Amino acid sequence: MIDLERLRSDFPILSREVNGHRLVYLDSAATTQKPTAVLDSMDAYYRESNANVHRGAHTLSAEATELYEGARTKVAHFIGAKPAQTVFTRGTTTAINHIAYGWGLNHLNEGDKIVLTIAEHHANIVPWQIISRHTGAELVYLELTDDYRVDLNGIDRILDDRVKIVTFSGMSNVTGAIGPINLLSEAARSVGALTVLDGAQLVPHHPVDVAEFDVDFMAFSAHKMLGPTGIGALWGTRERLEEMEPTEGGGEMINTVDRHVSTWAPVPHKFEAGTPPIAEAVGFGAAVDYLSAVGMDVIAQHERDLTRYALDRLAEVPDLKVYGPDDVLLRGGAVSFELADIHPHDIATILDQEGIAIRAGHHCARPLMQYLDVPATARASFYLYNIPEEIDKLVSALMNARRIFGL
Amino acid sequence: MIDLERLRSDFPILSREVNGHRLVYLDSAATTQKPTAVLDSMDAYYRESNANVHRGAHTLSAEATELYEGARTKVAHFIGAKPAQTVFTRGTTTAINHIAYGWGLNHLNEGDKIVLTIAEHHANIVPWQIISRHTGAELVYLELTDDYRVDLNGIDRILDDRVKIVTFSGMSNVTGAIGPINLLSEAARSVGALTVLDGAQLVPHHPVDVAEFDVDFMAFSAHKMLGPTGIGALWGTRERLEEMEPTEGGGEMINTVDRHVSTWAPVPHKFEAGTPPIAEAVGFGAAVDYLSAVGMDVIAQHERDLTRYALDRLAEVPDLKVYGPDDVLLRGGAVSFELADIHPHDIATILDQEGIAIRAGHHCARPLMQYLDVPATARASFYLYNIPEEIDKLVSALMNARRIFGL
Amino acid sequence: MSQLDELYREVILDHYRNPRRRGTLSGDHLHAEGVNPSCGDEFSLDIEVRDGVVVDAAMQGQGCSISQASGSMMMNTIVGKSVSDVEDLTYKFKLMMSIEEGDNPVDPDRPGSVLGDLEALQGVRKFPVRIKCAGLAWSTLSDALQQAGQES
Amino acid sequence: MSQLDELYREVILDHYRNPRRRGTLSGDHLHAEGVNPSCGDEFSLDIEVRDGVVVDAAMQGQGCSISQASGSMMMNTIVGKSVSDVEDLTYKFKLMMSIEEGDNPVDPDRPGSVLGDLEALQGVRKFPVRIKCAGLAWSTLSDALQQAGQES
């Protein structure tokens, strides 16, 4: 059990007022709020140990390097991985682009297939479209079941030996649907395809031991798990990381540089050109420490309880339709919905007047919107710091939206 | 004139002790220290306005977007540029890679030439080597004069109409030599080549109005100018930015996304895929505010005075050789040197025992080291917060190094 | 009236739910499309201009009440007006939407006096992030008219 | 003695300035190269192993006093030793350099007792960032011996 009152006091922004009301932050799928521990870790880094890493023979530089590499170890252990296979990137988007350009561009050919799901975030679509244009590989989409989960029906027909990559999110940022990770990775493995797991929504909300998924790569972002902006991580198997070309050249990622030829540093540094996000790594490390101290199991259970409560309460609002599974074992706490003929953007504006922050739009998932045949959805998303009272406020504000729209 | 005592008190780390001595930080060319104003701006962002940008219809998101775009305006104005032509990147390295991959890869062909100088940082060499491998374009190096400046002798022979790109740093991070920006850009222009200015060392230390240089692109990093790690900027002319392909796909950089085809957002967002470094942008904005408040002219003059003093005092140390111009109008405050047969790394260790932080190594400029025929150099580098007393400490510590090495 | 009720006036909800001039034109006409990538709103319009006068107009689109109502009201207002009157109207509308109140030469008490029905949209000014919703139709219209300018 | 004087002992400066066994071998030999990218130190060595004994060795390299002296002393020590003795020595040297003092089975008061001249390098332990300088020659040696293992 979480002592929610104490926990909430770790997040300074939660005491803020918005439009005369105490902030109700229900947009954690977009980015999460930060506990003081994370902010203080970065502040302390800058006030006490700031220096460039891997470069100097002076004390500050040694300290900064230790903090940076120490953060890598923390983040790696948080997902059950080895530091040497954990690359710091700018975020999920950059991580997936690394894979697409660093692996895809060099290993895909005309006629090959890249399989992905219609529920993917643009970060896991656009890079593959670009690689597809460069290589002639074709994009094939898996669609959804009636309850908005990846439809594995007919996957045997789709997965043939021309499939080289199967890429999918661990949890959809729109429907909240989780998985099916192992079924997809097994199916991919059976045709010798490589698997990419977009962990942007999964890793923040569920205990993850990457060894339990038989995937080749996983990407995630610090800012979605209490950490700072500007950093994320790419995990990969040793073999795949070795096969990958670096997608940025510069300092730190080299072994030797001559006028015309250079050689690369070993993984993970091969993929970390230039001055890395050092303070951000420190903050990322503090974020996973915070999450681990609360306990990922506890967090997942809290979110399941909250999501169950939210789905039940939202069912009381007339004309409200949820786009996502109802079973909280099959979904996380990103709840997309529409309400009568009120456009999501209007819902968001009305809620904002009561200090309630939700997101409205295509959630960087336009192909999914087209598939669902909606222009946009409203989305409330929860994290460890949310409480049932906030869902009550959400529901009563939605009732007010109905009134304003004369319903 | 700067009130140095007051200014130094803005930098908390400068009161720190290292090995029992007050820190003497002479490694600002690697990364600079941060004033409280910068740290506070990021802290306030996270405590009060943290949200994802461009995405929500709620108050925090609008505030975050305003802060992020406001920071872009500040950074753009700092270099005399338009915000719409100022792209936030992870740093100089990423910015140059954007140019190399986004422009070079699509515009260079077998037989074309990329001209650069032997004094470049790996960030301005390795990306071009990679592009050269992909396109067949050839790298041609300009070498140095006896006083370590770019040698323009014979440039007419080198610059023919096969030259498509001329890329060079505004100030060398090793020799400290500045320019010659306009001579190079004019020469490039005369053969129709595009010019790339690596501003990583120039922008932090000198008043820069990009309109005064006739260059196509300029790259620089926040962390070298009082700002946070994890962010930098790429400036380009509108025409060149329009010609450039995005090098990362994902959210925020798109206009529309369908299953198989996407269209791009206008510049600068086309180059900013995914959640950007938001807090870092805020900190970058606060950094340029701080620099502007002190005054870039004042800073440049302070550094010239300091560099003059340093060069004079270093001349008193027997067997010490400086690699760089002596005229402080032709150079900045990055002073590389060797001392007798004491290896730079040993110098750095000895200085560190007295709390003095300098850098030793190849400074991410191995081709330059080979050209100078040294394995490495020691480098002391100055910024607005350094004082002559620190140079005195440096000199006496160097004398101690001589003693330890029995000289 | 609360700020919200002022934003979502009945006339706006009416235009949102019953958009005027929905459809496409078949004869000779100008066409333009606009999209607001940050929220996904879309707007496209056909206008027929004869002898400098907008004689017919039709629109399609999807999006929030503000963007669609703004478009519907705009379509209704421009038919029958000369191109230069429409340009003038566009200018006045954009001024009304400008949040820098000091810059606003329209009578601040009755900015709608020159804008008719469109006056109802002034509630948007209290919601800065929604101003671009109201503006989408108008910038699409400007695009279409610019083509006209180039053709003539 | 200050920590610095303990680091830069006379014997170290002597090996730095007058490296032993500098050069290359011409006959049949093992070769390995090592580089420390963060500081640019380089080390390469040739060793001739006959009947399980290192009979000759030569090195080249550039770098700081610690890396070069460590290499020079190493080269001097290994010639005449059996490969398994060299491996044992490498192990002991690495233990001496380990900063986790608790883990160190070498007599903490006289770790050099088994290492001879190399004992002089123990001052490095007080300078954690320099430990990799001292280790460069040794990891290069391990690389070379690993080839030997694979060949036999």
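Chains here go by letter, A, B, C and D, matching the order in which they are written, and residues are numbered from 1 within each.
Methods note: a contact is a pair of C-beta atoms (placed from the backbone, for glycine too) under 8 Å apart; a residue touches a chain by one contact, two chains touch by 3 or more.
Everything numeric here is computed off the predicted structure, so don't read it as measured data.
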Query - Chains contacting each of chain A and chain D, listed by label - result: B
Requested in this report: Could you tell me which pair, A-C or B-C, is linked by more C-beta pairs in contact?
Outcome: A-C
Report summary line: In whole angstrom, the CA-centroid distance of chain C from chain D equals 79
**Report entry** Chain centre separation in whole Å, for chain C relative to chain B (CA means)
**Finding:** 47
Report summary line: The distance between the C-alpha centres of chain A and chain B, rounded to whole Å, is 31
Query raised in the report: How big is the gap, in whole Å, between where the Cα atoms of chain A centre and where those of chain C centre?
Result: 38
Query raised in the report: In chain D, which residues are in touch with two or more of the other chains?
Result: 38-39, 129-130
**Report entry** Where chain A touches two or more other chains, by residue
**Finding:** 55, 57, 61, 254, 256, 345, 349, 360-361, 366
**Report entry** Of chain D, residues touching chain B in the complex
**Finding:** 2-5, 7-8, 10, 13, 16-17, 38-42, 62-66, 68, 127, 129-130, 133
Report task. Provide the residue numbers of chain B that touch chain A in the complex, in ascending order. Result -> 12-13, 16, 18-19, 23, 25, 27, 30-31, 33-34, 39, 42-43, 46-52, 55-61, 90-94, 96-97, 100-101, 118, 121-123, 125-127, 129-130, 132, 139, 141, 221, 223, 228-231, 247-254, 256-262, 273-280, 345, 348-349, 351-352, 355-361, 364, 366-367, 370
Report summary line: Contacts from chain A onto chain C in the complex sit at residues 341-346, 349-350, 353, 360-362, 366, 369, 375-376, 404-406
Report task. Quick one: which bits of chain D touch chain A in the complex? Just the residue numbers, please. Result -> 35, 37-39, 128-130
Query raised in the report: Can you list the chain A residues touching chain D in their complex?
Result: 54-55, 57, 61-62, 254-256, 265
